[in-house]
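By written order: A, B, C, D, E and F. Residues from 1 in each chain.
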């Protein structure tokens, strides 16, 4: 085919695809605002990981306490600067005034870094919970290095603080980054207590308004989801509390779905592959009521 | 250990591993043909994403309509050239004559770019469907930026056009790229209507011969799979229609499997965690027949 | 906000986060040892992939047998050197004496490369099994290029040899790398026979002590897991055989969980969505005992 | 040596090197301002090169007029945005008020891009001059691709416009970039006419206040320098016109130095290896007065 | 400034700069042909360097003879493929028929690789000459690693073979790459004998038709240039022999210019800073005829 | 040409080029030792530059004293680790015992970092000298950012300390890196005092045994070289003092060569383009004795 013919075809489609007034593509407008940068967010998360797990990530050199302090200092200042910029972009993304974003972004970023020691504390308890809960786990280091759940929970705990500070878009980008890497989908809005653990993790979904207590353990494929939606006057679903409350010391085994604004009482154990849509009292054991399968030998 | 001893061990294994005539490795022959390049396919998908969602991806600068047109022009010509090359490689991958691939590749690539406006339209409807279906979604931009389902569906819609143009291998590489990133496995052969949405998405599988209508919504872990295979005279499974037909306005909740060449009638709602192997009429509601679990409090 | 005020906030948190003696972060100590490098492990796996599937991966040039031999020679020497270094790091990671690690690392690395021909043979059988088992598969090349299960199984087979050689941490890093890419979580400890195949794969979990025979086929979401843990005197779970034994020629369909140290007899077929916690004899067919859902049309 | 001892040595030197109040390092203060980014300047120059020599540089695809227009549009908008940012940094580098820099930077950047067509015209004449002047030159393309002088002159012509617009620092960064690549040191302040050519070029120096007419040709090692400096009241050299004026159609051969605010009359030819510190009238031929060397054969 | 105003300025200049029919830019046409890729040429030169200096460059691992052979095999096949592609581009660059380039490119590339052993031999003698000629040189390895002249000569020797094979453009790109790195400008056309050495090197220029014998040593700033040009009927310089012939065992000290088609007889020594435009017989010593400077002490 | 024929040609040349026992390539042996890594040396120099010019280079963020201290701490520890490794490689490069290198390398590296404050002091004086000596210089920052001489001198001062510590090869790699970037060739062995400046710089050569006092200023093309070599019993040049001694407050103008172990007395001014081979007393002025050129107007 002649290059000129090919270029004609290209030009024709450029015109069609650039028809921004067309009703045809009305739900994908030309995006004109500064946006959060995914590569910058990735860099922020790498810096935070180096700060929260000192000596494990980053340049990999053996660290003394002194050199760790130098390193945390450098990482935290870099993280501040990058995060400040992304928070401006996120605020502008939803608003129109760039100038008013800057002061707000500075306050929010400072508020966020003041939460880092608490995030580090919570992650410390999560590591302990995973070490105690998995007979295959050999050491704290192995968990921090290898366990996808640690990455997913770190992203959620960081995103949750930004979510509480009313930063738009950015928290979701952060949790989706971990979702893509681990198959674990923890919404930034979910409130999660200490000593949280997830084993294997692929397919876990925790919804926006879920509340999870301390010492809760989930296995792969567990959904803490909504059962039904409250619709508004336009027939669209409303953003109201609609996900479960899981109290302290609850374990939920693989592929179980817990749906709706129900409460799983403290100390309960929910077996695998269960579909649970009503609250259960503390110290419940929920198992499948009977054998669901038949075995035949031909 | 002496370096010379180590090199002797290496040389011994090089000889074993290079024994291409050995029956031992008969199913992994030495591959001698040009192959599709995964990094090039990734670049093509990034270019197409910048074309289909103008201003959202790419260099991230604020765009006017004019500069968007320049940008779409540059991206589309680059995408053409890269795709043309990959289509040649894909055609050669299965055939022996490189010369005859070139003219066919040009026709196929032109035919593909002529489908882009329609792909953009369909993605526009998908974005709208996800915005309306998820109470946690705040804006069109958030969906385009953060929702893994948009990436999975974009890859499938692109791959589906190449599949219909009989390009080998390449469509599957494109959908597997999204599968790896999102945990959503949509076969390029599946036919998918307008206003398609998937929430969370990890573990979704849609098979090669599935047919999905308009306004269909899936949740995480849904399988639209085959129930059993028709075997050929060699006892190998045949490539015949074997996946479900989902009619318009159907919703299927999490972790449900719909299997075999059955039809889910329009307007039906299929609950979560269900194993469905027979057709249901329009406007059906399928729920679990009774409580499957027993609760005990010790 | 003044830069000096921001820097004050940063400095305050650097001090809090560098308080390595605090009981607060007791489960995340300052890590002072050399650690395995994830980017180096990724490079090793790319080299091994080029060695095990000659001509498919790597630089992508058309290869003759002679040039393949040159290429395998170069890749294997590089892989040796990188792996040797990572094995030293892994051994030191758990021990304190660097010097004694070096000689052990050399022996272990040589032992590993002597297993590569066998790994290549096993992967060759896996490719064949996937070609025969999937009606959508068109060619050996398509499977090697596109199927995530091949990547997951290659990582597991490599990691399993290192696991058997008692290399700490590294095997788990290798399988988690594939877990992240494919959603398939195969523990390095699992023993897996010839002609193993997995279709789609997202959500598959195979536990540490599972034993899988020849010609076994799994579908997405299958768990071969533990049912309960044996606790030690501290109430912590013990590392004892606790995952299933799957005999030859068994097929297990999607989203089924097989739990505990039970045996699935040879030639059995286990249907989808089943929760199986007891052994079944050879040639069993396990299906759901009855329709679990009710259909209503309103 | 013990790691702790090494870390002690490091800490001691960190303290010495961080002693910013010490008189010892008084001429290298701690730099606290935003600075121009060398990597960003490099990107700007690559964009401008793609704009000024369309189709030669950049992605390397064969271009039609239409696609060249798309490409120039994209490159020019990117170049604008990057240059605007660097001009802000350069202005701030010397001043303290960031806010007042922004409006000025926008005006300056727009003024600069309005000079690009003229720069392109001048470079077009330079290419022609080099083609006509070098018997080894085979084609316009060879000159644009291979001749270091083209790169040096392009950087100077761009830097000269920014210099005229009173942008600090940035012009010098641009010419030093070319100086490093080519060994040709053209000061941004120098005024250079049409059809300028330099052959080989290593060691050429053209000073800040030099004025070069049209159709001037220089060879390697030529210096158009200052002879002496006018000192100010502090004994420091003053920034006054102190470099030569070279009129039209002058050729200066290799390793000749022309020094001071003298004038080389139009049409003159200055031989190689000459030290010239006085003006010469038009159409002069300056050659070495006699044989400077003696030959002996032993 | 409003973004819309800026975009207007950009658009105006895009139109001016895209006016490819304008006489204004007549010497810089829109370039529409495939061109040599500088980054690909750089990769080729790195591969050749690894082949010609085995074990010194490349991945840096300690090499045995066997692994060096694997490595040379891989590098040479890669170099062949990349060079073949660049030779096609270079031939097309000057001609219009792509098809006829391919067969010619294959022959030329094969002819080139058959010259590599001779190039390696010549470089081996150059290394020896530099080791013997420089009292600061400590070892063969130091010369190969550190001496810029080795890089410049390697590029020239490679480029010279391609020049003799009538490959356009590419040879000049190769020598200019070294010119930029070292300040040594050796034209690909120059014929250079065994045991050639250059000390320091910055500013050395060797012209297209120069002929250099064996055991010749040059210092920094030496020019072997043309004295005057023979003009053709259009007044343009002609490509005829116009650079010096340097016979065996000649040394030329720093900053001396030897100009015109003259002959420096074998065994001659030419002092520094000399301007030599006539032939000298064998075993000449050329020194400056008398003191050129006056010393005064004020 | 058939691929098989091409591969035959490649294989033939691989054999020729791998003939390591051949006398033909006797001066380029197969290199089997660990070698310094150029890319690692580049990283070391970037770290040292960030340490020596705090806030100017590196990540480019505005720095406070506190954050500069964090940053210097991190850079210095990284620089230590990388340099230690390169010093081991350099020592092994010349010796055979790796074990004995390690302890020596640690001592040498510690000794080097203890010299950094002095290097910083000296560079501080060099910056001051260049600011005072160049009427075109506007600020300290412009000199640090743009002046190639600063880079060349920084590399020499670092390399000189390593040279004095008897580290082989590495010092020369460091100065050649700057030579390539700036055209300024300062040998690591040269001893250089305070307040040293070089203007323009291309072509400057300072030899191994040169001694330069304080407040010395050089212009482009100046050579401080050897006049003749003392030959040893094998006729090879010996490494004895053979370059000039330049006393305090000397200025040497462009393209002048000062050769041999002569002394330029303090306060002297040496004009441009001079060939000087004898000592001159303090406060000499050396200029060209008379007009060397004749002007004719035809």
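Going forward, a contact is a pair of C-beta atoms (placed from the backbone, for glycine too) under 8 Å apart; a residue touches a chain by one contact, two chains touch by 3 or more.
From a predicted model like this one, the values you see are computed outputs, not experimental measurements.
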Chain labels contacting subunit E and also subunit F: C, D
Chain whose mean Cα position lies farthest from subunit A: E
Cα-superposition angle relating the copies subunit C and subunit B, to nearest 5°: 120
Cα-centroid distance, subunit C relative to subunit D, in whole angstrom: 57
Inter-chain centre distance, subunit D versus subunit F - centres from mean C-alpha coordinates, in Å: 24
Multi-partner residues of subunit C (each touching 2 or more other chains): 7, 10-11, 14, 62, 64, 66-67, 69-70, 73, 77, 183, 202-203, 221, 255, 273, 288, 292
All pairs of touching chains, each written as two labels joined by a dash: A-B, A-C, A-D, A-F, B-C, B-D, B-E, C-E, C-F, D-E, D-F, E-F
Interfacial residue positions of subunit C with respect to subunit F in the complex: 3-4, 7, 10-11, 14, 62, 64, 66-67, 70
Residue ranges of subunit E touching subunit C (in the complex, touch as defined): 59, 61, 66-67, 69-71, 73-74, 77-78, 81
Complex contact set, residues of subunit C against subunit B: 51-56, 60, 62-65, 68-69, 72-73, 76-77, 80, 103, 106-107, 110, 113-114, 116-117, 120-121, 123-125, 127-128, 131-136, 138-142, 144-148, 181-183, 200, 202-203, 220-221, 254-255, 272-273, 288, 291-298
Subunit E-touching residues of subunit F, taken from the complex the two chains share: 1, 6-7, 9-11, 13-14, 16-18, 20, 24-37, 93-94, 168-169, 172-173, 176, 179-180, 183, 185, 187, 189, 202-203, 205, 207-208, 221, 223, 225-226, 229, 236-240, 242, 255, 257, 259, 271, 273-276, 280-289, 292
